[in-house]
Every structure is written in structure tokens, then in C-alpha cells.
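Next, two complexes with chain A in common: one pairs it with chain B, the other with chain C.
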Partner chain A sequence: MPPWVDFEPFIVSGLALGGVYALSGVGLVVLYRATGVLYLAFGAVGALGALIAWSLITRAGAPGWAGWLACVAVAGAVTLAYGLLFGPALARRDPLIKAVATIGLTLILYGVMDLLWTTSGGQARSLTLPTDNGGFTVAQIQVTWTQVIALAAGVVLTVGTGAFLRLTKLGTAMRAMANDRDITATLGVPVRKVEAAAWLGCGILGGIAGLLLADLVALDATTLTFLVISSLAAVLIARLRSITVTFVAAIVIGLLHDLLTPIASLTSYRDMTPFVIAAIGLLVLSRHQVMTQSREEA
Partner chain B sequence: MRATLERASPARIARRPTRPQLIKVGITTVLLLFAFFALPELLSLYYVDTMTQVAVYSIVTLALGLLVGRVGLYSLGQAAVLAIGAWAAARLLFATTQPYPLVLLEAGLITMLAGLLIGLPALRLRGLYLALITLMLAGSITVVLATVNFPNGGHGFLGYNGGLLHIPPIRRPSIAASDPAYFRYSMVVAVLMFALVLAHIKTRPGRAWAAIRQSEPAALAAGINIWFYKLWAFALASFITGVAGGVLAGAIHYLYSINFPTQDSITLLAVTLMGGVFSLWGAVVAALLYQFLPALLNNWGVSADWLIILFGVGVLQVLTTAPAGLADQVPRDLARLGRFLGRRLRRRPGGDAE
Partner chain C sequence: MRRNNAARRTILLAAALALAAAGCSSSSSSSSSGATGSTPAAGSSSSAGAATVDTSSCGSKPGVKATGTPIPLGAIATNQPGTSFTDIPNMAKAYFDCVNANGGVNGHPIKLYIATEQTNPAQIAADAKQLVQTDKVVGIVGNTSIIECSINSSYWQKLGFYVIDSGIAPECYSTPNSAAVNMGPRYSSDGAVQYALAQHVSKVVFDQANVPGTGYIAAGPNALAKAANVPIVDLTENVPITDANSVAIKEVNDAGPNGAVILNFTPPQALVILQAAQKLGLEDRVKLWGCSTPCNTDFLAQSLGPKWNGKLFVNAELAPPDDTNTTSMNLYKAILKQYGSSVQGGIGSFSQMGFTEAEIAVHALQSITGPYTVQSVNAAFKAVKDFDTGQLCQLWTYGDYPLHIPNNSDWTVTPKDGKMTTAQGCTLISKVDPQIAQYRNAAGTAANAPTGS
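This part shows the complex of A and B:
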């Protein structure tokens, strides 16, 4: 076991990673609750946004803020477009089918990204945020502003989304739809509009997560697209329901993942962390299953 | 839904096969004989190798189609199961001098055991959760494989030696050392696996699976042991995927963990859905989509990314409009076209100009 000093820097990076997982997880849970869709293309839209931001900034010489805005806008627009096109068509299908359909979108986006931003050339792209340079030291640990932003974004969005769902009219409508779409529609809630809002919100979160992960992890279509699997782990432990549990699970996963890095015998297995935690969590949580016929089955 | 219209094939009274059935069997036999005898002679070595891959992957998509179409279990970890089979076969082939068919059988059984170990706890989950847990497990297996690597003739349990300069190729059966011979060998294995699955579908397990897919509560009420039959399907799918892994090991001679990324599992589900999960032909179509089309595009110098995009569009199309996939849609459209042309031709001589 290495000395504690070796672990210290990884607490910071782990918390930052956990923050982004939490941000992604909250976006996924809100969309799932409102529309019944587990959005597996979450990583792909973020990656697309980040790559477009990269092109705008490094190739077209656009100012940084324009690139980041474009990233978030593209992710939001693609997600909203998918939701408007395929949401109604699949609204009455099983959650499993809805999730598999988003795999279709993932593959399309992945193909497009690989075509336009070829990785075979070997040149590594990177998207650095100006917040990387600034920072401060806590107990001799270097902390960058990006890491602070990542964790803060996770916290703020979890709290903010919780408040939004509880306090606003739109949030109440989303919670109502999570319970029963048909009854909500009967009560006069504009179901399609509420769903569209959820899609747009989820897409915007995807864009923000893509931007942060491109900086914290790597700007690479494959990595970013399939990093969503790691955020899914937190969502699964929360059983696609609670944003608080999602947040806690995401932080734990991020922390554990990075804290395993200095341990020589485990370091090459650290990428398994989310999967193992999700598997154990799910299996423990599913001990007492009840067979239901409802569409809301879990 | 068309899916629910699938025959549950009740225990039928022995009767003579109908004409469409005979035609189907006839076409299948002719196609198989053609592929076995003529195909390796007609194709260049590049395409013979491709067709070997098609044979291997048709077994994989067959297993996945069985789970998805017959039982309603969506697995997002099939490429990882294939990797386990390939690993086991490669280890056995390096360690022993057993005959190849025996190694294939053992690789299948080892993979089946691994599948059962995964399936036992995972099958408590259903639907979306089961699909996601298979994705998680596939992710874990990929990470483990990236660390332990595939056997390359080294010693020890893992059989990997990173310092080896001359890596020996994974051996092939002596009767199928050349590429065309190995294609025929893979085809025979594939046909056997298809026969194994067909035998299951036509008998008691197949009926139980059909009942489970339509409604678990109803199947339970009918006295079907849901858990047992689901586990059986899982075991069978793992077994044949493991055998496919064994064939794959001999086909490509050298195995690397980067050949089995997690996203392959996702692409495999996509092509399986596109090919069609309610018919055994769907597995062949899916394998052609997955292995033949990329080889063709590669030969033409077109990027394989177009294919990924096509698969994405295909998944969306299958889920929204054509649940039975290409294996169902193409013959139906061809028949419709045939009828249309037939009507046209019959009308022509009458001088009917529109």
C-alpha cells in the first residue's frame, strides 16, 4: 500500500470526475423520469459538441466562449431533434426498446464523428479550458479551476434540478409524467412540450458534460461516446429514480476510480470500478423483486 | 405487434411437410451446398477469409438473436462472451494437443460456465436493467482482458508472455489448414450450431421461451419455470458463442484484446436487430452486414464509418417500423414485387396501356 501522500492528488481529480458523472447522471435520470427514455447517446452528443467546439476554436479561430456555446447548443439541438422525431413514435413502447433506439442515434453520431474527425491520423486533439491554468493549493495539493467547476457543476445541478422539479410548474409536470403519462395528459398538461423541455435540458447537460470531460479525460470520439457507460453506473444504482442517490453514487465511483490509480496491483483494473459498483449495487437492490405487468416495470 | 404473431409451434401431430416448407428446405440445402463447394473456388482469398468471419459471426448473431427474439432478453455483452470463448480456446490450443473439435466443445462449455455464473445473479433483473447489467459486465470483461491479454504461447495459467519475440500462431485443425478448407470447417460448425438452436426452438424449450417472451406472468401461470428456461437460453447462447470464439481463434491465428472492444457488443446488437431476430436467416443476414459489407467497402476504399451510420439508421428503422428485420422484410418485398410484375406482364398482352 503506497503512503497516503500518493493518494492525495487523486482525491481532487476523483471528485472532479465524480462531479461530471453526477452531472451526466442527473441529466439521464430527469429525462428518464419525464419520458421513459434512457438516453444512451448522452456521451455521443457531448463528444460531437466538443469536437465542433475544437474545430471552431483551433481551425476557424473562433473565441473560446463561442466554441463552448456551440458545443452546448449542438448537443441540445441534436437531442431535442431526436426527441421530437422519435419520442412520439416510441412513446408507448417498452423502456428497453426506447433505450435501444438511442443506440441507433449513438451509432449514427459515432460514425459521423469518426468520418469527420478521423482518429487514424494519430494527431491527438485537445480542448483545454482557460480554467486549467489558474488554481490554488490545498494542503499541498494542486487544484485547477476546471476541477472545481466540474465538482461544483455536479453539486449545483443536482441541487438545482431537485429544486426545479419540486418548485416550478414545469418540474411538477415532469414529475407527474414520471408517474403516469396518460393521466397527466388528461389533466391538461401539454405532454409533448414538457417532454421537449426535458429532451433539451438533457441535451444541454450532455454538452456541458462533453466539454468538461474533453478537458478532464480526453477529446476523442470513442472515449467520450462510451464514457456514458460509466455515468450509467451511478444512474443504475439510483434505479433511474433518485437524483440524490445518483449524485452520491457518481461521487463515490469517481473517487474510487481515481484512488485506485496509485495502487500498483489494482491500477490497471480501475476502469472496472463503475461496472463493479453498478453490478453489486443492482444485484443487492434487486433482491426482492415483484413481478408486475405495468409499463413502468423496473 | 408482429412479434407476438410468431408461431409458438405447439406440439404438432406428425404430418407431411407442406409445399412451402419443402421449398424452404430445398432452397436452404441448395444455398448451403453452393456455399460449401462452390464459394471457396469462386472467391479470392480475401473474400474466403471474409466468409469465414461471416460463418463465425453468424453463430454469434444466432446466439444473440435467440436471446432477443425468442426469449426477449437483450444482451449488450455478446462480444465479451465471444472473447471469453476465444480466450479459452486459444489457451487450450496452446496447452494441449487435443483434436480441434474437442477444443471447440470445451471452449463452448467453459464459456457456458462463465455465462451461467453471470446469468445466475443477472437474470433476477429484467428488461432494461438486464440489458444494462450485461453492458456493465462486458465492460468489466474488456478491462480484465486488456490486462491479462490473450494467450500467445507463454506459460502459466494465463499463457501470456509479453517478452515473446516470435509469437506462434494459434493452430488450426490438420484437415483445415488452408483458408478455403478452414472456411468449410467453420461452415460445418456453424451449420451444427444452427441445427442445435433449431432443435431447441422446435421442442419444449422453444415453446417455453415463446411463452416467456409474450408474457412472464402468463408463462408463470402456465406452470413454466421462467428462471430455469431463461437460464437455459443464457447457457445455450453462451455455449454456441464460445464455440464461435474457438473457431475465430483458429481463423485469425493471433488474438489481441483490442480486437474485442465493448462497442462491438453494441454494434452486434444493432446488426442482429437489423438482420431480424425472429428467423434463423436473420443471423446470417446480420453476419453478412457485420463482416461482409465492411470487407466489401474496404475493397472499394469507402470508409467503414458509413456502415456504422447505416447500422444506426437500421436500428431506428427496425424499432419503429420493421420489428422482424431484413430477413423478414426483403422476402416479403420481393414477393410483393414479383406479384406486381406478374400482374403487369399478364396485363401487357391484352394491350392495356395506362
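This part shows the complex of A and C:
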């Protein structure tokens, strides 16, 4: 076992990785709570936005802010368009079918990105933010402001969306609609408009996450599209319900993942961390549920 | 209750996806069973803009279009999300288009059929059969695939094909019927480690993508480090890398302040690690960083920026395009500009490989006086000896050897203000690597014949 000092830098990197998982995971839970859809294209729309931002900034010479806005706008527009086109048709279908349908969108976007931003010929791209240039040092590791922003964004997202869903009229309507669309409609809630707002909001979150993740992880269609799968572990632990639990689980997963890195015998298996923790979490939760039900029945 | 059941099913789907991802996490790239595509790609050259350098020297009759019976050649290239080697046969096609527009080969145009695959063994075997049985190709030029050599090697041997390719799998370098213009991951990594050892580093950390064949690749660098009495640490990373920060910290901690970190990854993955190291302020915490040939792209140099000038040293299997002003290099650039509209990566190692393979093939085909058959074409390929490609450190020889590593001498380049520049001229890869020693024993003087340029 390495000395404690060897673990210190990995605490810093683990928090940053946890922040990455939290950004995606919280976004997934927010939309699920608002629309009842597990939006698996969350990573793909962010990746598309980030690649468009890269093209605008690098190829067309657009200013950075225009590229970032375009990223968020594209992710929002694609998600909104999907929601408007397929939302009504899928509204009464099982949540499982709704989730599977978003895999279709994921694959289409992934194919488009692979076609337009090919990696043939050794092409490598990167999207850096001005916040990469500043920061501070912890445990001999430089922490950039982008990493701080990503972590803070997770916290803000968790607190902000939690408050939005509980305290605002639109948020309440979203929750009601996710529970039962028909009853919500009969109560006079304009479900199509509320649904559109939820999709747009989720797309914007996807765009912001895509922008930050392109900087923090990689500007690569494959990486960004499927990063959402690792984040699913945190979502699973939260059972698609609690934004706070998702955030905490994501941070714990990131920390544990990176703390395994310096341990030679376990380092090769560290990528399994999210899924092992998710499996353990689900087992514990199931056992707790069974025990609670047994007590209630007794 | 109904909603709870539905939510439970959604959670199950998420769990299934997560488990699938866990199961696939050590795989570098997804494979799919896409249809085998065998695309005839000859004769119809499209202009990518007016060339400023005359390309007519590629053929024997400048300006005269070849109208004879086409000579059908074939190529198989990996083309899947995240991994595409199609630039190599596409550049070979660009060269053939140029030749076809300037007299062809003794009046015959070359028709290149390009088949693509997605790392699916059955599909790769089918590609080969389609090229031979349907397209009736008489030679294979421009193959570049992750596993094609492993799958089709015995098939080519059985039919008497002598393949001119860009190698990746071990069989591309260890069998009688494959001769590559590049070094491939093992010998290129050898070159990067060799450069680091020459700078007197105290330790080497060799990190590569966790894909099939890592043990074979690492054997070369390990042999070199062991011979130099320098400790070496072998690492592998699942790709795509999502935890570049921890990867970079681990590499630097393992290497130590006087050590070297050598990467063997595709450019996007290497870039992710190097940028993470830069953001964490780790780039100066080791003596040097090294990389095998894939990092030799201006894309990487531009993305990294000036902090890596003289800090990162990349093995270059082919002549550095920015630093080379030879007839061959100028012709390569001119053909790429005029005929290479389908070459998406532009100037770089991949298109250089395609150019080199095509010029070797044309050189061999021009020596044939009778009909262009499988026998005559492959005999001509095998007979290529001491050919100056203008792109390699050495003269290129196929020869009748049990194994072929005809490119075993390299450059080292380093980024400088957004471009890769030469840090070290042609240097033979050490024969401490037992495979290199075996080839040099088999090929004799042909193994290290330097070019005149």
C-alpha cells in the first residue's frame, strides 16, 4: 500500500472526476423527474454542441463566447426538437420505451459527429476555456478554475433544480406531469408547453455540461457520448429520484475511482468502480426495501 | 403501482447499460457488423483545388491519360467510429489517380478497390474474398487495419499475394507475405524509448491503450530498457480515457523527476493525457515525455501549444513533412492537394504511408513486361529492392524473407509553435529488440540501407 502522501493528489483529481460524473448524472435525474424520460442522449447533445463550438472558434474564427453560446443553443435546440417531435407520441408509453427511444437519438447524433468530425488521419481536437489558465495548488497539483466551476456547477444544479422543481409553478407542473400526464392535463396545465420547457431546460443543461466536459475530459464524440453510461451509476444509486443523492454518489464514485489508481494491484480495475458501487448500492437498497416491506406486512 | 413498475424497468435498463459498459470498458473501440463495402475507386480523380506544384512527374507520360486495361488492386482498411485508417488507401488512390492521368503504368490505369471493416474477423475475411473473387484484384496495396494481418495472413500466403501495407498487428511484421512501410506500434515505441534512454533518463514509464497485443508491443521497449539497465514500468489504460488527470498523475509519480513517460495511444487519447498533465502543472515534473508515431501530427502540436516545445519527443517513422524539401515530399504534397480530396487528415503520417505504398507499387508494376496477373504482380512486389521512396530513412526492400521490418530507422520530432520539427535525424532502431535482430539477420544489408537523401 503506498504512503498516504501518494494518495493526496488523487483526492484532488477524484473530486474533479466526481464533478464530471455529477454534471451528467444530475442532468439525467432532473429531466427524469420533470418528464419521466431517462434521456440517454444527454452526452451526445453536449458533444454535438461542443464540436460545433470548436468548429466555430477554431475553423470560423468566431470569438469564444459565440462558440460557447452556440454549444448551449444547439444542445437545447436538438433536445427541444426531439421533445416536440417524439414527446407527444411517446407520452403514454412505458418509461422504458421512452428511454430506449433516446438511444436512437444518441446513435444518430453519434453517427453524424463521426461523419463530420472524423478522427481519420490522426485528427485530435481540444476545447479550452479561459478558466484553465488560472487556479491554485493543492497537494502539489494545480487545480484550475474550470474544475472548480464544474464542481460548483454540480452543487448549483443540485440546489437550483431542487428548489425550482419544489418551489416554482412550472417546476410543480413538471413534477405533476411526470407523475401522470393525463391528470395534469385535466387540471388545466398546458402539458405541451411544460413538456417543451423541460426538454429545452435539459438540452441547455446538456450543452453546459458538454462544454465543461469537453474541456475537463476530452473533445471527442465517443468519450462525451458514452460518458453518460458511467454517470448512470450515480443515477442508479439515487434510483432516478434524488438529485442530492446523485450528486453525492457521483463525488464518492469519482473519489474512490481515483484513490484506487496508485494501488498497483487494483489500478487496472478502477474503471469498474462506478458499476461495482452501483451494484452494491442497489443490493443494499433492495434489501432495505424488502426489510421495510416485511415490517409493514408484519 | 404501475408507475413504480415502469420506473423499476427504467432503472433495470440503466443498470443493463451500465453493466454492458463495464463489460466493454477494456475495449478500445466498438465493433459493429456493418456491411462489407468494396468501393471501386479509380480513374475518377477529383481536384481539391489548383496545385501549385506540377504533379505530372508521377507518371511516365505527363498529361496523357491512361486508356489501357485497368490493373485492379485492392486494400482493406478499418473504418469505425473513433478509428479510421481510410486516409491511407485514399492517399494511395490519389497517387494512382495522378499516375492514371499521366500515362498510367505502361498505358494501363490502376483501379484501387477499397474495402472497409469494423474489427469484425468474419467481415475482414469476407473483404479479402470479395476483393479476390469478385473484384479480381491482382495485388494488395494500402491495407491498414487493426487485425487484418492476423485474420488474412494465411489466406494471402495460400494465394501467393505479397501485401504492401501499413502494419499494426504482429503478423504484419512477422510473416513472409506482408511488408509494411511503417514501423507499427512496437518498433515505433522502441524508437521513442530509445530516444529517452539516449537522454539518460533514470526510469521509463511506458503507457499504452488496453487493446489486444499490448504484451507484444511492450516486449520491445522492455528489452531496450533492460539492456540499458533502466527500470521500466508498463501501464495500460482503458480507452477512451475519462480520468486523464489520474492517469497523468500516476505516470509522473511512477517516472520520477529524472524519468520519462512514453505514450502509445491514438492522437486524441495522447492529447487528453498531455493536456491533463499540462493543466495539473505536471509537464516539467519528469525529464521528458515521449510518444510513438501517432502523435506525429500538427493537430497535436497545435492543440498542445508552446509549453511542450522541446519537452515532448515523438517517434517519426516517415520524413517530417514540415522540415523536408525533397522531390518526393513536394510531389506528395502536390498530389495530396490536387487529387487527395478524400484524404481527411491532410498532411501527416497516414497520407504519407498511402503515398509511399502507392509509389512502391507503381515502381514494381512498371517493371512488368507481360500481362498483369496475380503471379506477375506479386513477383514484382516481392522483387522490390533498395527502392528510394523519399519518405523513409532507408531504402525499401520487400525480399524473400520469413519476416519483414523494412522500415527500422526513424526520426524524432518535437512540437515547436504548432508544428512538429526534427529533434533527431535518422537513427536505427536497436537490435536489442529480438524481432529487429531477427529481421536484420534475415535481410542482411537490405535491413539498414540508408537513403542517399
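Simple rule for what comes next: the second predicted complex is superposed on the first by the 282 of 298 C-alpha atoms of A that agree within 3 Å, B and C clash if a C-alpha of one lies under 4 Å from a C-alpha of the other, contacts with A are read in each partner's own complex, and residues count from 1 in each chain.
As a convention for this text, contacts are C-beta pairs under 8 Å (C-beta built on N, C-alpha and C of every residue); 3 or more make two chains touch, one makes a residue touch a chain.
Because the structure is a prediction, the values reported are computed rather than measured.
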First (chain B), second (chain C), both or neither touched by A:Leu38: both
Which partner, chain B or chain C, touches more chain A residues: C
Which of chain B and chain C A:Pro9 touches, first, second, both or neither: second
First (chain B), second (chain C), both or neither touched by A:Ala101: first
Touched partner set for A:Pro63, first chain B, second chain C, both or neither: neither
First (chain B), second (chain C), both or neither touched by A:Pro130: neither
Which of chain B and chain C A:Val112 touches, first, second, both or neither: first
Contacts of A:Ala218 with chain B and chain C, given as first, second, both or neither: second
Which of chain B and chain C A:Pro88 touches, first, second, both or neither: neither
Chain B versus chain C as contact partner of A:Gly160, first or second or both or neither: neither
Where chain A meets both chain C and chain B, residue numbers: 38, 94-96, 99-100, 110-111, 114, 222, 226, 229, 232-233, 236, 268, 271-272, 274-275, 278, 282
In the complex with chain B, residue positions of chain A that touch it: 38, 86, 89-90, 93-97, 99-101, 103-112, 114-115, 222, 225-226, 229, 232-233, 236, 268-269, 271-272, 274-276, 278-279, 282-283, 286-287, 289, 291, 293, 297-298
Of all residues in chain A, those that touch chain C in their complex: 6, 9-10, 13-14, 16-17, 20, 32, 38, 40, 94-96, 99-100, 110-111, 114, 118-126, 128, 132, 137, 141-142, 144, 179-180, 217-218, 220-223, 226-227, 229-230, 232-233, 235-236, 239-240, 257-258, 261-262, 267-268, 270-272, 274-275, 278, 282
Residues of chain C that touch chain A when the two form their complex: 3, 6-7, 9-15, 17-22, 25-26, 29, 79, 81-87, 236, 238, 240-247, 249-250, 253, 266-272, 275, 279-282, 294, 296-297, 299-300, 303, 343-346, 348-351
Residues of chain B touching chain A in the complex: 74, 121-122, 124-129, 131-133, 135-137, 139-140, 143-144, 146-147, 215-217, 220, 262-263, 266-267, 269-270, 273, 303, 305-316, 319-320
